[in-house]
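We just call them A, B, C and D in the order they show up, numbering each chain from 1.
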Amino acid sequence: MSISSRSMASKTQVGFVGLGNMGSPMAKNLLKHGYPVIATDVFPESCKELQELGAQILDSPAEVADKADRIITMLPSSPNVIEVYTGPNGILKKVKKGSLLIDSSTIDPAVSKEMALAAEKMGAVFMDAPVSGGVGAASSGKLTFMVGGVEEEFTAAKELLSCMGANVVYCGQVGTGQAAKICNNMLLAIGMIGTAETMNLGIRLGLDPKLLTKILNMSSGRCWSSDTYNPVPGVMEGVPSANNYQGGFGTTLMAKDLGLAQNTATNTKTPILLGSLAHQIFRMMCARGYAGKDFSSVFQFLREEEGQ
Amino acid sequence: MSISSRSMASKTQVGFVGLGNMGSPMAKNLLKHGYPVIATDVFPESCKELQELGAQILDSPAEVADKADRIITMLPSSPNVIEVYTGPNGILKKVKKGSLLIDSSTIDPAVSKEMALAAEKMGAVFMDAPVSGGVGAASSGKLTFMVGGVEEEFTAAKELLSCMGANVVYCGQVGTGQAAKICNNMLLAIGMIGTAETMNLGIRLGLDPKLLTKILNMSSGRCWSSDTYNPVPGVMEGVPSANNYQGGFGTTLMAKDLGLAQNTATNTKTPILLGSLAHQIFRMMCARGYAGKDFSSVFQFLREEEGQ
Amino acid sequence: MSISSRSMASKTQVGFVGLGNMGSPMAKNLLKHGYPVIATDVFPESCKELQELGAQILDSPAEVADKADRIITMLPSSPNVIEVYTGPNGILKKVKKGSLLIDSSTIDPAVSKEMALAAEKMGAVFMDAPVSGGVGAASSGKLTFMVGGVEEEFTAAKELLSCMGANVVYCGQVGTGQAAKICNNMLLAIGMIGTAETMNLGIRLGLDPKLLTKILNMSSGRCWSSDTYNPVPGVMEGVPSANNYQGGFGTTLMAKDLGLAQNTATNTKTPILLGSLAHQIFRMMCARGYAGKDFSSVFQFLREEEGQ
Amino acid sequence: MSISSRSMASKTQVGFVGLGNMGSPMAKNLLKHGYPVIATDVFPESCKELQELGAQILDSPAEVADKADRIITMLPSSPNVIEVYTGPNGILKKVKKGSLLIDSSTIDPAVSKEMALAAEKMGAVFMDAPVSGGVGAASSGKLTFMVGGVEEEFTAAKELLSCMGANVVYCGQVGTGQAAKICNNMLLAIGMIGTAETMNLGIRLGLDPKLLTKILNMSSGRCWSSDTYNPVPGVMEGVPSANNYQGGFGTTLMAKDLGLAQNTATNTKTPILLGSLAHQIFRMMCARGYAGKDFSSVFQFLREEEGQ
């Protein structure tokens, strides 16, 4: 039976499609754990480093699918995923029966479900497994994977994903990995803007920002954005607000994830009043010079400028 | 010198104005700690229980001020505070020089500053010391006090407040106690609505609420409303959502505090996009049958009803 | 040449797909103007009345396309349009070269563009022509059509559309008809909620609603919702607010159109702060018993209830 | 009886307090209509021009009240009004019994009510009469006055106000003039931001801005901001958007009026979701360089910048 044959075939080759900022260090971690990697990317130069480390580079997702029966994809957005799976040189053109296809991109869960259906028609299994944690966590193998798909395949997926992440959480049917990721990031966005507004108001009312942070963190206002990633310069060290909002999680990426939250909410007719407004705020920021800064720069965005 | 004379006068009588749901248990805790209490309230029946416990009951704040040089006030809103301090039978009509006046009401910090100025003209010291924690914490003496006012008087204030609270935090000049309270509750409101929206969206997308809570709490979406006071029935025990949103912190009270946040933000020209929207949401809830429920019932409010 | 042959073929048969509340009276108006109509609908009972009036009823869009080279479609939402055009029994399965396909559904302009591309591959021309005006305007032939598509075909389209509408406006390339419709309805939604909030606030501040309406309408607050479709009962006659919010434009339909606005804004990265909040408000209303009422019932929704 | 004696005393002297950008041309129009004017302002230089035109200048509001029994005040905000009426050199210090006091400032209606009570205690009558229309309308005598106060006094007030305005509307009890002004400007703000968002979205979706404006104005999206004061450069002539948003109604002033709307809504527990968000948006704009531009510059604020 195909499933057990895959499980027994551990340490046989693994396919990897998408060698960008995140995909590249993830694929390296597979190599480190002893898996032969067969990879491809639309930009040939992205493949060089991995090739030097011993990976085999092929020309298209279809060719990867022809050689490997376990494939991981890590792509920027929904259209790329659709192309890589169902396009003319896509994985499903040559996928083997019983293959395990794991998509770690952050995309609309409706697209994940479509891909799963398309894979099923070819006798393959598709799982969504988006990550939390940025490039640093990808390099150190400390990502968190939120996994959606058939429960019987979770063990097989976890075997691979645990080479690249510290936490691998099973979330439910296909698309729930994406759902969990989107939900977390929506609440994160709300908490961050809320913290920025609150700190700004407190400072205006005469409170010292460090003291206010201490009070919030011992009270019911406490949240990750106040106690771990405070957006006010001078309150914490080692966070983007201490480094002019360089590094971290870019405003553009947050706006993209909130766009997914907005779409899924619209499709499921779910009211998200704060989530929707948070989306619009990060969208405005992207248009006003904050696109490349860490999303905690919303504190700077809201703060009144001198001389006004 | 008045300050030291007061400090030395420890365990002499303490005045208390406002014996409502919060004030009454607070005054009892002063009695328990051995302070003779001289109290008053506009509703005579509110005074009975305290009288039976040994407190002396007088007819007006002015009479209390005539007998005690340390007075605590605990009142519903700004107009009451103005009346109790500066009205025709108010404290300042008979306040002794050097008296310490501590207001634990949650009011507009601008009013606290006015009261402090008025007290100063009479040679008295006014401090704002609003509390966090509800009736339960008031009874068990576990309140948190956020104190604003002259720093030299903080020790004297803390002597009394620590009979009624577990934490007494100095926040800065007059009004900063209110500011800290208002800021915390604004962020709390945002976090709660954010959590409710997120949980609702996640459930609609097929996630189990307990699992989603677990994921949020190990990730960057974590906040007090997700990990300590979850608004979704069935996720946690011992919180209002487990008890049909009875008890806890009423939606009306949250709307009141957000009204204060809104006013201070308007006065200081501070943009509070999410804070302001949160205010409007709790305001709508008050009008639609949620006034008396715990504020975490926003989850119920947002959730689509059957048959729609 | 196909285009001119069509133009000359005036009063030859016209296809019609989708005989719902809107499509049915539209098709009748084509019959009235002397066009033989060949129609179909997924619900056979929808076809009876038209059949009695002389229309020919066929089993599928494909069969309609086999017989008529000018086809109008009027469907509830994007998936229906995709099915009717590109499904296994869809129009494009049997469309004749040079056919003119006009879609009057209100859908995502991105879908209109896809359909236009698919039609072009088959040698046919697709135009989007969503309407404003409800069932009444459809019956009396007073609809407004907003038309997107190749400009050279606009005259041919107008010939048919002017049988069913009083205004036929050319908007630009394919999808701009949808864009115009979506934009108008977003601004309408904002104006209606704004009017409802304003009237409610004014009444609370002691103003007579008729007087306030008069003042707004002679001032800069004037808008269609204040001067033509006032949401406050008793201010105007002949509008839904005068009839317990029966009839008119249902909250569900407005929520649907705002969902389209939200999607197009997300896709084009356009910040719509008020538009997005308006969407969420109508979404909440749908969940709270207002789904079937006219959208001006937002006044009732916002108004505080007795006894709260 | 004092009222009739005032009425008969027409063309006797009229007091005027506050000779700023608005007050100065208003007082000139009183002079033009043959009323002797007795005026004062905190800035002596503001009085020069009026003095040259024949007005008598005094040192304080109290002195004006000592000489004139009809007084008009035009001041920037609530604290100024309180000072001018109830301050140590205020009108009420020397007001004559039966005097008519008309305040044309835009302030919190609660303050208008306080002033009316204070005036009543001195036997005088206070009315609120805020204006719509800017400096241009003040110069040409085309202002609109919205008047609140005792109805029997409206005729007397109108006699004076009609020298300075084209419309004088009686709104109801004291404070309703302010209420009408605040309500109109709140709806105006919502309509303007809505129009800006809609035009921006439409342009992004490929619509020509002039065409979109035409469509909105013949449809249900029509509002004063779309048909009279369009915020998109190039659509209309003679409006601030045609002149780099110079002139017109400054963003700061709109933010101030929305602050009043916010306060009255908070005090009356009225939910204003869009009004409140509009307030925050103009507040942000003030902080980001738009303070001095016309409020229609929100179109520019929302529009995505090049290179982002």
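Things worth noting here:
Heads up, the rule we're going with is that a residue touches a chain if its C-beta (ideal position, glycine included) is under 8 Å from a C-beta of that chain, and two chains touch if they have at least 3 such contacts.
Chain labels with UniProt names: A, B, C, D = 3-hydroxyisobutyrate dehydrogenase.
Every value quoted in this text rests on a predicted model; they were computed, and no experiment measured them.
Between subunit B and subunit D, the least number of touch steps comes to 1.
Taking the mean Cα position of each chain as its centre, C sits at the greatest distance from subunit B. Chain pairs C-D and B-C differ in how many C-beta pairs they share in contact, with the greater number at C-D. Chain geometry summary: the mean Cα position of subunit C and that of subunit D are 41 Å apart.
Averaging C-alpha coordinates per chain places the centre of subunit A 38 Å away from that of subunit C.
Subunit B and subunit C have CA centres that are 52 Å apart. Contacts with at least two other chains are made by residues 269-273, 277, 284, 286-287, 302, 304 of subunit B.
Within the complex, the subunit D residues that touch subunit B are 255, 259, 262-263, 266, 269-273, 276-277, 279-280, 283-284, 286-287.
On the subunit B side of its complex with subunit A, the touching residues are 109, 132, 144, 146, 167, 169, 171-173, 175-176, 179-180, 182-188, 190-191, 193-195, 197-202, 204-208, 211-212, 214-216, 218-226, 228-229, 261, 264-265, 268-275, 277-278, 281, 302, 304. Taken together, the subunit C residues at the contact with subunit B in this complex read 277, 284, 286-289, 291, 302-305, 308.
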